[in-house]
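As C-alpha cells, here come the structures.
Across the two complexes that follow, subunit A remains constant while its partner is subunit B and subsequently subunit C.
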Partner chain A sequence: MRGLIWTVAGISALLIIVLFILLGYLLIQRTIESRRNKRVKQYKAQFVEHWLLYLLEGVDPPEGGLPQKREAYVAIDDVFYHYCFSISDHLPRKRVRWFVENYMVDFYKKKLLSSRWDERLNALHRITDLQLQMFVDDVRSMLRREDKVYTEAEYVQMYVIMAKFDVYDSYAYLQNPQVSLNVFHYTTILNEAAPRIFNKVITHFNTSPLQLKLAIIDVIGLKKQVTYIDVLETNLQSDDEEIRIRSLKAIDQIGFVKEASIYAAFAQSDRWPERLMAARIFLHIPNDWVIDALFDLLRDPSWWVRKRAAETLSQKHGGTSLLQDVINQDTDPYAIDQARAILARQVETGT
Partner chain B sequence: MAQITKDNQGKINILDGELLPVIFSMQTASVARSKMTFTLLFMSPQQIGVADDWKADPSTYEVFTDFLIEQIRDSDMLFLFPTEKVAVLLLPFSGEVEAAFAVERMKKNYATIDPYRHFYTAVVEIANSHAQYDDVWQNGMTALALCHSQPPFAIEAVDWHKEREIETIKVSIIEPDETTKMTLRILLERMSLSRFTLMIETYHDGHDFLTSRWHTSGHTHLVMMNDILPRQNGVEVLNELRLMPNSDKYIIFMMSDKQSESNMLYAYEKDADEYIVKPFNIKLLEAKIKRVLKRLR
Partner chain C sequence: MEFMSTAIDIFAFILLVYMVIAILSYSIMLFTAVRLLLKKRYLDKTALDARYLNTPHLKPVSVIVPVYNEEKGVLVSVQSLLGLKYPEFEVIISNDGSNDDTQKTLIDHYQMTEISLPIRQRIPTKKPIKALYQSNIYPNLLLVDKDNGGKSDALNAGLNVSNYPFFCSVDGDSVLEKTCLLRVMEPLATSDQVIASGGSIRVANNSDIQMGEVLAVNLPQKPFAIMQLIEYVRAFLMGRTALSQYNLNLILSGAFSVFSKEWVMKAGGYRTDIVGEDMELVVNLHRLIKESGEDRRIVFVPDPVCWTEVPETMQGLGRQRRRWHLGLIQSLWKHKKMTFNPKYGLIGTLSFPYFWLIEFLGPMIELGGYIFVVIAFLMGEVYFELAILLSLLFVLYNSIFSMASVLLEAWTLNRYPKRRDLLKITLYSLTETFWFRPINSFWRLQGSIQFLTHTKKWEKADRKGFGTSQSK
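After this line comes the complex of A and B, so read on.
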C-alpha cells in the first residue's frame, strides 16, 4: 500500500515537473513572440511613413530603414500587403515588386521552404497579392516535389499562382489536381486566372469535371463576361439541374440575353429555383410576352417566385400601374398580397 | 426714413438707398455660410452729346430708374440714390460674369428706348465676408467716375472684393488599418488646394469618431470611412450623421472591398456621396475629392 502511494506521488511529481517545463517553454515562446512583435511595431512606427512615401512618390527609403533584421522584413511585408490591399495604382505596385526583387527574395524563399504550413501559406498569399511573379519557379518546384505533401489550402493557392501568372502547365493542374478540389476552390483559382488560361478552361468545358464546370459558370457571372453568354445559353439545355440553375444565375448577373425565347420554358419549370431565375431574367427581356409570364409567376406556389415576379414587374416600364392592375383585377389573393407589399415598399423607400 | 416701394407690378424690391448698408451686411454674412458671391452694379444714366451736363435734363434719372424697374428679376434688389443720380442693383446670387451678361442685356434694351441715352456701370463682385460697405461704396463710385472717360455704355469692374476666403474643411479618416489610414492622410496633406485648408483627424472606429465631438462643429466635413469598423461600423456612422439636423455639411466617402451592386446601392440609398471600392486608384480618389470640394463653391 505504501509502495503504491509512493508510486502515485512519484508519477504526480513527474507530471507536475513536465507541466512546469511545458509552461516554462510556452512562456518563453510567448515572451520571444511578444518581443518580436514589439520590435516590428517599433520599426513600423519609425519607418512606415518613409515606406509609404517610397510607394506613393518613389522617395528613397532612409539608409537605416533598409531591412537587415527579421522585424524589418516582417514590418515591410505588412506595409506592402496593406498598401496593395487598399491602393491599386500601377506605379506603387511596380515599386513593391522592384524592392522585393532586390531586397526580400530570400525572406520569401525562406518562408516558402518553412516547415510551418502557415508560414508557407502566408508567403503564397503574398506572392498572389503583391503579384510577385519572380517566385513562379519556386512554386512550380514545390508542386513537383514528390517527397512533400502540402495542405489543401496550399495546393489551391499554388494553383492560383500558376493560373494567375499564366504558367503554361497550369491548365493540367486544374484538370488533374493533386488534391480533390470543390467548386469554391476552382472559383478561387479561376477568379485570379489570366485570360488565356480562362479561355483554355472554357474551350475544354465539356471534358472538365463537374466541380470545375460549375466554377466556370459562376466566374463568368461574377465577372460579368458577356463574351461567354453563348456558353451559358448552351448550358441551359444541360440535363444537370445545377448547371442550368447556375447558368441562369450567371446570365442574370450579366444582365443580357441573346436568345429571349429560350427563357419562356423556365417560367413553366417543375423546379421553383428555375422559375425564380426566370422571374429575375425577365427583367432583362423587353418583349411584351414577358409581362404575361410575370403575371403567371405572381400566382406561383412558391413565395420566393411570387416576390421576385412582383419586384421584376415593379422595375418594368409602367411597373407601378401593372401592379395596381393586379390589385384591382386579379383574383389570386397571394398575387394581390405580393403586389401590395411591393407597392408599399416603393412608398416607404420613396422610389 | 428709408422706404420700400412697390412698383405697379407689385414688386417690392425697389428700395431706398439708405437701406443698402443693412442689406449689404446681411449679404456679406451669408457669403461666409452659403459660399455664394453677390454683385453690386453701380449704374448712372447719361446722355450722348450732353457732355457732363446731363443733370440739366431732370427726366434722365427717372427714365433710367423706370427702365431698371422693368428689367430687374424678382430676386434682385434696386437701391435708388436720387441725390447722386446713381442706382445700385444688387444681384444676390450672381458673380461678375453673370452680372456682365445682365448689363449686356440691359444695354441692348435701353438703346431701343432712346438712342441718345446710355448708362455707365461699375461691377463690384463680393466674394468674401470681410468686405466693408464704405470701401465697396467708395470703390464702386470711383470706378463709375472712371467710366466718364470711356465710350457710351462703358463697364468698369472692381476686383478688390473678389478674393474668396480660404475655407477650413474638417476631414475625418475612419479606418482600422494603420497603413491605409496613413496613406490617406499623406494623400490629403499633400493635396494642393488653393481655396481650402484641411484639418485632418484619424479614428480607429466609428464609436471613437462619434464620441469625439470633432464632428459637431459647423465646418464642412469630409468623412472618409471604411464600411467595416470595430464597434460602430461605417453604415451606423453614416446613418447617425445623416440624421443630424445639419447633415448636408458632411461629405461622406464610403470605402469598401465589397464591389457588389447591392452594397453600392445600399450605401447610396443611405446618402453616401461616394462609394470607393478597394483597392482604389489614389489619383482617381484625389480627383474625386477635388471635384467635391470644387462644387462647394
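After this line comes the complex of A and C, so read on.
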C-alpha cells in the first residue's frame, strides 16, 4: 500500500509541477504577445495612412515604413486584408500584389510551408483573399507532393486557388480530388472559379460525380447565370429527385424560364418539394394557366406548398382580388386560411 | 465487526476501481481535447468568419428564446441576438406565461404589434398560443404569448411558429457573442451529416455587458461563481470537445445549441415531462439516428461562446444542480434500453455506460469516498493509508484535471486574458477537491433521491439580470 501511495503522490506532484511550469510559460507568453501586439499597433498607428495612400493613389510608402521586422509584416498583412475584403477596386488589389511580390513573398511562403496546419490554412486563405497569383506554383507543388498529406480544408482551399486563378489542370483536381469532396466543398470551389474553368466543368456535367453536379446547379442559381438556363431545364428530366429539385430552385433564383409548359407537370408531382418549387416558379410565368394551377396548390396537403401558393398568388397581377375570391367562394378551409393570412399580412405591412 | 471490516474493504475496492476508470476516461478526454484545440490555436478566426459570411451555404436560422419572468435580463439578451452577424435569421421570444413585466417590457421596447399568422401545429403544446407579436423596428423579431406550460412547451411553441429549416435555442438570460451563430452553424452548413451543433457556455457574472455585448470579461467575485467558471471550462473544453470528436456527446447545452428542425420534428420536439429537456432531445436524436440507420452527427464547437449568469449563492446553485441531475437521470432512465445495446453503436456501448457510471453514480461514490476518508482519518491507523491514497486520487481526479482544463483554455481560446485572472482561477481550481466537489456531489445526490422519490418540484435559479450592479 505504501508503495502505491508514494507512486500516486509522485504522479500527482509531478503533474502539479508540470502544470505550474505550463502556467509560468503561459504567463510569460502572454507578456511577450502583449508586447508584440503593442508593437504592431504602434506600427499601424504610425504608417496606416501611408499604406492607405499607397493602396488608393499609389503613393510610395516612406523608407521607414517598409517591412523589416515581424510586426511590420503582420501589420501590413492586416491592413491589406481588411482593405481588400471591403473594396473590390482593381487598382488597389494590383498594388497589393505588386508589393507582396517585391517585399512579402518570403513572409507568406514561410507560412505556406509551415509545419503547423493552422498557419498553412491562414496562408492559403490570404492567397485567395488578396488574389496573390504569384503563389500558384507553390500551391501546385504542394498538391503534387507525394510525401505529404494535407487536411481536407487545405485541399479544398488549394483547389479554390487553382480554379480561381484559372490554372489549366484545376479541372482534373475537381474530377479526381485527393480527398472526398461534398457539395459544400464543390460549391466553395466553383463559387470562386474563373469563368473558363466553370465553363469546362459544365461541359463535362454529365460525366461528373453527383456531388459536383449538385454543386454546379447550386452555383448557377447563386450566380443567377441565365446563360445556363438550358442546362437547368434539361436537368428537370433527370431521374434523380435531388437534381430536379435543385434545378428548380436554381431556376427560381434566376427568375426566368424558357419553356413555361414543362413546369406544369411539377405542380402535379408526388413530391411536395417539387410542388413547392413549382409554386415559387409560377411567379415568373405570366401565362393564365398558372393561376388555375396555383388555386389547386392552395388546397395542397402540404402546409408549405399552400403557403407558397398563396404568396405567389398575392404577388400576381390582381393577386389581392384573387385571394379575396378564395375566401368568398372556396370550400377548402386550408386554402381559405392561407388566403386570409396573406391578406392580413398585407394589411399589417401596408403592402 | 468482521462484517463491518469486509463491507469497508468492498467499498474501498469499488471506490478505487471507480477512481481508476474515471481518471483514465478523463485522461483520454484531456489528451483528445489538447490535440484538437492546439491544432487550431493560430487559426485566423476573424478571417474565417468573414469568409463564411460571404459564402452561400449558410441556411437561415430561427433563434428561439423561451422566457419566464426574465424582465431583468431579457432586453440585454434580445439585443445581443439582434446584433448577431448572420445573413438571415429571426428571433422568436416565447413568453411562457410570465407573471412579471417580461412581455410588456418587450412590447414597449421593440414597438411590437399583434399579427395574425396561421400557425402550423406540428408539435402539440400543452398550452396554446394566445397571440403573436412582431416588432415594428426589427421585422425579424417575434414574440409568442402563451400560458405557462414549462420551458419545453415554450420551445415547442416557438418551433411551431418558426419559419426556417434550422433553429437555435437560447436561454433568456444569456448573451451571445456576435459571431456565435455563424460559428456554431458552420458544421451544419458544411456537412449534411451534422444535424445538431452546440457551443460553449461561459460565466458572465461581474463582466461588463452593455447593449447586449460583452465589453470586458472580468472574473466573478463570489467563490461559488468562480468554481462554476472552472467547472464550465472543464466540462465544455475537455469533456464535450473530446466526446464530440467520436460522436458520443449526450448533452448540448439548452442555453445555446442549433438543430435541424426536420430532425427535431421527427423526434417529436422537446419532451415536456422531463426536467432536462436539452439532454433529452440530444439522446432522443441519437436514438433516432441509430434506429433510422443514417450516418448523422451531433457536434460540439468550442469557439462560439454564450455568456450566462450563474447562481452565486449556495441555495441557488443547489437548486440548479438538483434539477440538472434529476434531468440527467430521467433521460438515462427513459432510454435505459440503449445501455450496452450494440444496436446503438458506441452511444449504447460507451456513452451510456460512461454517463451511468461517471455522471449518475459518480456523486454517490464520491460522497461516500469523502465520508470514508473523514472516518478513516478519525479511526486512526486501521484505514489511514487507504484514506491517504483516496485523498491523493481525489486531488488527481478533481483538482489536477480542472487545473489542466483551465490552462488548456488559456493556451487555446484565451477568453480570460488578464494574467492576474489566470493565476487566480488556476489556484482556485486546485481547491476544488476540498470544498466545491463534495458540496456539489451532495446536491447531485439529492437530485438522485428526488428521482427515486418522484419529487417533481420546479426549482428555478435566481436571476439578477445583466447590467445591474453585479455586471458593472
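Throughout what follows, the second predicted complex is superposed on the first by the 339 of 351 C-alpha atoms of A that agree within 3 Å, B and C clash if a C-alpha of one lies under 4 Å from a C-alpha of the other, contacts with A are read in each partner's own complex, and residues count from 1 in each chain.
Here is the rule we use: contacts are C-beta pairs under 8 Å (C-beta built on N, C-alpha and C of every residue); 3 or more make two chains touch, one makes a residue touch a chain.
The structure presented is a predicted model; accordingly, all values stated were derived computationally and were not measured.
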Go through the superposed model and pick first if A:His125 touches only subunit B, second if only subunit C, both, or neither. second
Which partner chains sit in contact with A:Leu56 here, subunit B, subunit C, both or neither? Use first/second/both/neither. first
After lining up the shared chain so the two structures overlap, which partner does A:Leu19 touch, if you call subunit B first and subunit C second: first, second, both or neither? second
Winner by number of subunit A residues touched, once subunit B and subunit C are compared: C
Mind working out whether A:Phe85 is in touch with subunit B, subunit C, both or neither, as first, second, both or neither? both
Would you sort A:Thr207 into first (subunit B), second (subunit C), both or neither based on which partner it touches? neither
Touched partner set for A:Val48, first subunit B, second subunit C, both or neither: first
One more residue to check, A:Asn102. First (subunit B), second (subunit C), both or neither? neither
Does subunit B (first) or subunit C (second) touch A:Phe184, or do both, or does neither? second
List the residues of subunit A that touch subunit B in one complex and subunit C in the other. 85
Subunit A-touching residues of subunit B, taken from the complex the two chains share: 177-180, 182-183, 186-187, 255, 257, 269, 278-283
If you look only at subunit C, which of its residues touch subunit A in the complex? 39-44, 47-48, 50-51, 55-57, 113, 115-118, 120, 134, 189-192, 385-386, 388-389, 392-393, 395-396, 400, 403-404, 407, 410-411, 417, 419, 422-423, 426, 430
Which positions of subunit A touch subunit C when the two form their complex? 1-2, 4-5, 8-9, 11-12, 15-16, 19, 22-23, 26-27, 30-31, 81, 85, 116-119, 121-122, 125-126, 129, 182-184, 187-188, 191, 218, 222, 303, 307, 337-338, 340-341, 344-345, 348
Of all residues in subunit A, which touch subunit B in the complex? 44, 48-49, 52-53, 56, 78-79, 82-89, 92, 349
